[in-house]
Structures are given as structure tokens and as C-alpha cells.
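Naming follows writing order (A, B, C and D), and every chain is counted from residue 1.
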């Protein structure tokens, strides 16, 4: 490792927080303000807002999924002390996939039940989850972590990142087999993971 | 609490500052530059700018309201020392509502006096205020705060957050009963709250 | 001052850096990519890019002026130690005017020589400069500054902020009297200020 | 140096991280969501996504190049201790060129093989690299660096910044001589640089 990058952790964190904050906030630009007139009735106006339903659902779900990825990424950096050049490039690819979310969400909100848009949307999320695995396991293997004392919590985090990845993999399979089932498959896997996680935590 | 998240406060603050800064700055994209020609007269040009009046007022008011929420959120973190997983999820929902402001503001600036757009706009603000209450009271109840010595100032902050929430609740009621009265109702409640607050502070 | 806000300096700085970074970067969205075809000649393509000239000049100038304001704002915070509620609200109004820059720049780049657009553009800059004065002199008067030992450097900074304000005031007057002279008036005042500043510095 | 700017390093870093994060994330806005209908076939939908190929490639490449510039910029600040007024202005010009990337990328993704768009795109990247050289060598010459002990690593960094600059210069020359060769020329120079660098590192 030719460069001493101990000071670098705070800046890759800052760049990550920036990209996450922007990608999450740009999602709102996919919600187009309906062009109604002043004299349009309340019923007409409500109908217009309800037509935005799928886009609003996509906004809420994508924002929270992205927030979840931010949380997991943040947890990994709780344990990481040293940053190497390779880790920074892994993070840049990770962030490139995060910054793609407004596009995937736009595809999803226009074409909510279309198999191809579902495939792209869940594919993007799966790729993010995959890079998070690469990032975390690379840091573990290369001894970039801070403390040896929290072995249990670290394997805990590995497991948590794994659950999210599996849930998105299931969503992709479902999108190919039976598109409308796609979101449901994701939900089932995710909730199952969270519940199992919860019991595991209490044992700890 | 399976993860030690004492280091996490600075990053949820960074994400919050990012989302607030972006949501507030994206408001400007709702101000469309008028397409006038070089040879248009000054009077024509001024008329075009004046037509942007409602959008400009919405921009200024929404920016300052969002700034106020940022300030209150910032004050809560002055007292919070520890961050739990639940608190981070509460904050992510809070930020999701903050990031929705450019959409609500766009709705408001196009359709300034329409009851449905007012309802949506004040509903968004009210939901932000509500989540701020959840965030603050959860942190207080779960003993995530830093110091015991500032009890007075903390109940002071609870009260301040409550006033803002009440003011937006009043605006929603007014938007249903008598739309044009809506902004006024908000203003009355808000000013009353600030004045009462001021007297309270001086007693302290 | 009911709230102890000593910890708050770093977060108002973070919000400011965020708003400045976003407002400055959003300027680029005013540069529309020309819609040319693959088969268009190089001469045609160059002509299209040259037509973007005024917009590019506006981009460069506005980015650097905004950068200059960021620099001055940053210098004031070098001296400020404590932050009060009033100072935060002054800063929020300041940032609201900074976030308006992409709109003013859009107006300027479409209508480069129009007196009304010049008035709005320089008016926006002047308002930013004015709020910077309010911010700085309020902090000085209310004893929110960190060190007593740098009196000379602080009055130096007051003078520098004053020069920028005067230059934009001159640009506004010029925009009313003789529009094409407006940018020149700004330049003359600004350069004069910088030169005088330079000699002052060397004496120190 | 009239102002003591030792505290300023963290804020110019924060502004840089902000501008980089935004410029990189705004690249996604150049990917327009195809307007297809719900009843369009999967083949039709895939065809539409494949038509976005050049834009997606431009997105990925530009994001990673920008990430590389961020990394190099970050490495320079690892060594820089003091910040002067001149260095801040050099950085503002550097950031102005970084913020221009969404425009250059938009030009490139619409007109992938056009010589003029290639010239503009690689010209923008070359200008960024050039300013990075100015920034780094100015800091070295003016003794703004932190430690004397890492001479080898610092000359190493100079060399690395030089390689990137040379690679973009080669791309510009290629864009003039033989446009389709442009990206290849860049790739060859870049890979050659990285390989040479790698051997150099191992010797160290």
C-alpha cells in the first residue's frame, strides 16, 4: 500500500454521504407536478394526484431501500479503520450503482408492472448489494478493520448484508418467472431476514 | 442494541445536512426561466417576472420553513449522544418527507389557491413536523441523550417542536374549511408560538 | 441565548457547503446539450457550441462569483466561535439567496444584454453580499467571535466584504443607467478593490 | 498570507466532496427514461434500453473518471497542511471544470462518435487534469505540505497525476487525427501508466 490513507476514511464517507443524499433527493424529480388549471374541481385534482400513486410508491420504497443501503454501508465503516486504493475503487463502483437509482426508479414508476423494468430495477438493487458484499469482505480479508474484539457483531453484519442480497436475487428470479410476484418475493425474503435477524440479536 | 453506533451520529447528521441542502436548493428548479426574446420591452419582461410571483413566494417560504426544520433537527442532535437502529430509520422516513418538498412546492406554486394543493403542501409539512416529534420523543424516552443537566432546555425544545406541529395542523384544518385562510392560519399559530416562546425564554 | 449552540458551528458550515456546492453545480443544467445529428458537419457542430457562448460565460462567471462568496463566508466562520439562533436565521436567508443563483444565471444566459435580466442578476448578487455584511457585522457586534488578537485581519475582512458589495451596487446602478456598461462597472469596481486590497496586505 | 487559513482545509475538502458528489450524481439525469407503454412487448422494451447503451457507457466511464480525479485530489490533500487564498482559487477553477462534466457527458452520450463532441469531452477532462497539476505543484512549491518525510510518495503522486494528464492529451490528439481512435488512445496511455505505476510501487 504505497499511500498512507488513514486520513482518507472521513473523505470517502463524505463522498458516500453526498452521493446517497443526492441520489435519494433526485428521486423526487421523477414526480411530475400535474398540469391542472385553477378552475379544475377538487375531484379532478384528486384524480390527478391519485394517478401519481405508482410514482409516489416507487419514490417511498426506493428512498427507504437506498436509506437501508446507506445504513449498512455506514455500519461497515464503523468497523473499517484503514482504507486502501482498491477499497476506494470498490466504493466508487458501489456509488456509481447508487447514483443510477433515480434512473431505475424512473423506469419503475412509468412502467410499474412491466417485467423488463422490474428486472432492471431489482438488478440495480442487486448489483448495489453485491458490491456491498465485495466491499465488506475485501475489508475483512485485507485486515482493514479497526477492532478484533467485535467478531460476533461483524459476522452479524456479514449475515445482514447477505440477507438483503438474497432478497434482491429472489426478486430478480421472480421478475423472470412471474413479474407481478416480484415485489412480493422481495418483501417475503426481506421480512423473513429481518425477523430471523431480530431473534439472533436477542440471543446475543 | 447489537451495534455500537456512537460513531454514527456524525454520519446521520451528514446525510441529513445533505438531504436538506439538496431539497432546499432543488426548489429553485421549479422557477422556470421565462422564454422572452431579446427585443422584448422592459415592461413585457417585468410582467413576465411578476407572473413568477407566486412561484417566488413559494420558493422563499418553503426554503425558510425547511431551514426551520433543519434548525430544530440540528437542535435535537445537540442533545442526542447515542444513535440506535430505530432512530436512524425514523430519521430516514423524516428525510424522505423532507426530500418530497420540491414536489409539494411545485404543486403549490402552480396552483397557489387550490384547496387540494394546499392540503398536500401543508400535509407534507405536518408529516415532517410529526416525524420530528417521533424522533425527539423516542430519543428522550430511550435515554439516547447526552446530558441530564439541561432538562429545562430540552422541555423547551419539545415545546418548540410542538408549536410548529400545531401550526401546520391548523393550516390543514383551515385548508379544508376555508382554503384562502390556510396560509393565514399557519401564520397566526406560528407567530403566536414564537411570541409565547419569546416570553418563556426571558423568564428562563 | 437559551440554547447552547457551540456544537452548531460545524453543522451550519456543513449546510452552507452543501447549498453552495449544489447551487454551483446546478448552474450546469442551464447549459442545454445541442440536438445535432451524427451526420452534421464539424463546422455545423462548432457553430452550435459557439451559440452556447453566452451561457458558458455566464456559467464560468457565476460559478466563480459564487465561489468567491463561499470563500468570504468561510473566512467569517474562521473567526466565529459561537452561533446564536439569530445568526442561523441570517445564514438561512443568505443561503436562500445563494440557492437562487441558478435561476438568475438562467435568466442572464438566455437574455444576456437585457436590462431587466441584468438588474435581477446583479440584484441577486448584491442581496447575497448584503446578507454577508449583516451576518459578519452581527457576529462582530454580538461578540460571537473566537479571538481578540486578530483585530487587523478582521477589519480587513470587513473591508473586503464591503468592496464586493460596492461592486455589485455599482453594477446595479450601471444596469439602470446604461445596461451594456453593467458588467464593466462591476469589473472596474472589483478589480479596483482587489488591487487596493493587495497593497493594503503588503503594508500589513 | 494575510489570513490564517489552517482551519480552512476541512471546508475546501467539504466543498470539493460536495461538488464531486453532485456532478457525478447529476450524470444520471442525462439518461432519459424511455417512454414506452405498458402493453409494449419485452423485445420492444429491451430494444429501447439497448438504445440507451451509448449513454449508459458514457455514464459509467465518466462517473469512474470523475471518481479517479476525486481520488487524486483527495490524495493531494492528504499531504497538504496549509491552505492559501491562491490555492482556494485554483481549487474553485478546478471544481468549475468538474461541475461541467454532466454537460460534456451529455454531449458525448448524444453524439458518441462525433469529433467535436469528443474534443470537448476529452478537453474538459484534460483541463481538469491540468488544474490538478497546477494545484499540486503550487502546494509543493509554496511549502503548504504537511510532512517532509514522505518525499518518495509525493513524487510518486506527481507522477501519477502526470500520467492521467498525458493520457487525456493523447486522447485529444487522437480526436483531431482519427476520432474513433480517441477513446482507445486514452485507454492505452492510461493502462500503460497504471502498469508502470504498479511496477514502480512494488520496487518501493
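Assorted remarks:
The criterion applied here is as follows: contacts are C-beta pairs under 8 Å (C-beta built on N, C-alpha and C of every residue); 3 or more make two chains touch, one makes a residue touch a chain.
Source: prediction; values computed, not measured.
For the touching copies chain B and chain C, the fraction of interface residue numbers used by both falls below half; the interface is of the different-residue type. For the two copies, chain A and chain D, the CA superposition rotation is 90 degrees, given to the nearest 5.
Centroids built from CA atoms put chain B at 26 Å from chain A. Shared interface positions of chain C, i.e. residues touching 2 or more other chains, are given as 14, 18, 21-22, 26, 29.
Chain A contributes residues 13-14, 17-18, 20-22, 24-29, 31, 33-36, 38, 40, 42, 45-46, 49, 59-60, 63-64, 67-68, 70-71, 74-75, 77-78, 150, 153, 156-157, 201, 204 to its touches with chain B in the complex. On chain A, the positions that touch chain D within their shared complex are 2-5, 7-8, 11-12, 14-15, 18-19, 21-23, 26, 29-30, 85, 88-89, 92-93, 95-96, 99-100, 102-103, 106-107, 110-111, 113-117, 120.
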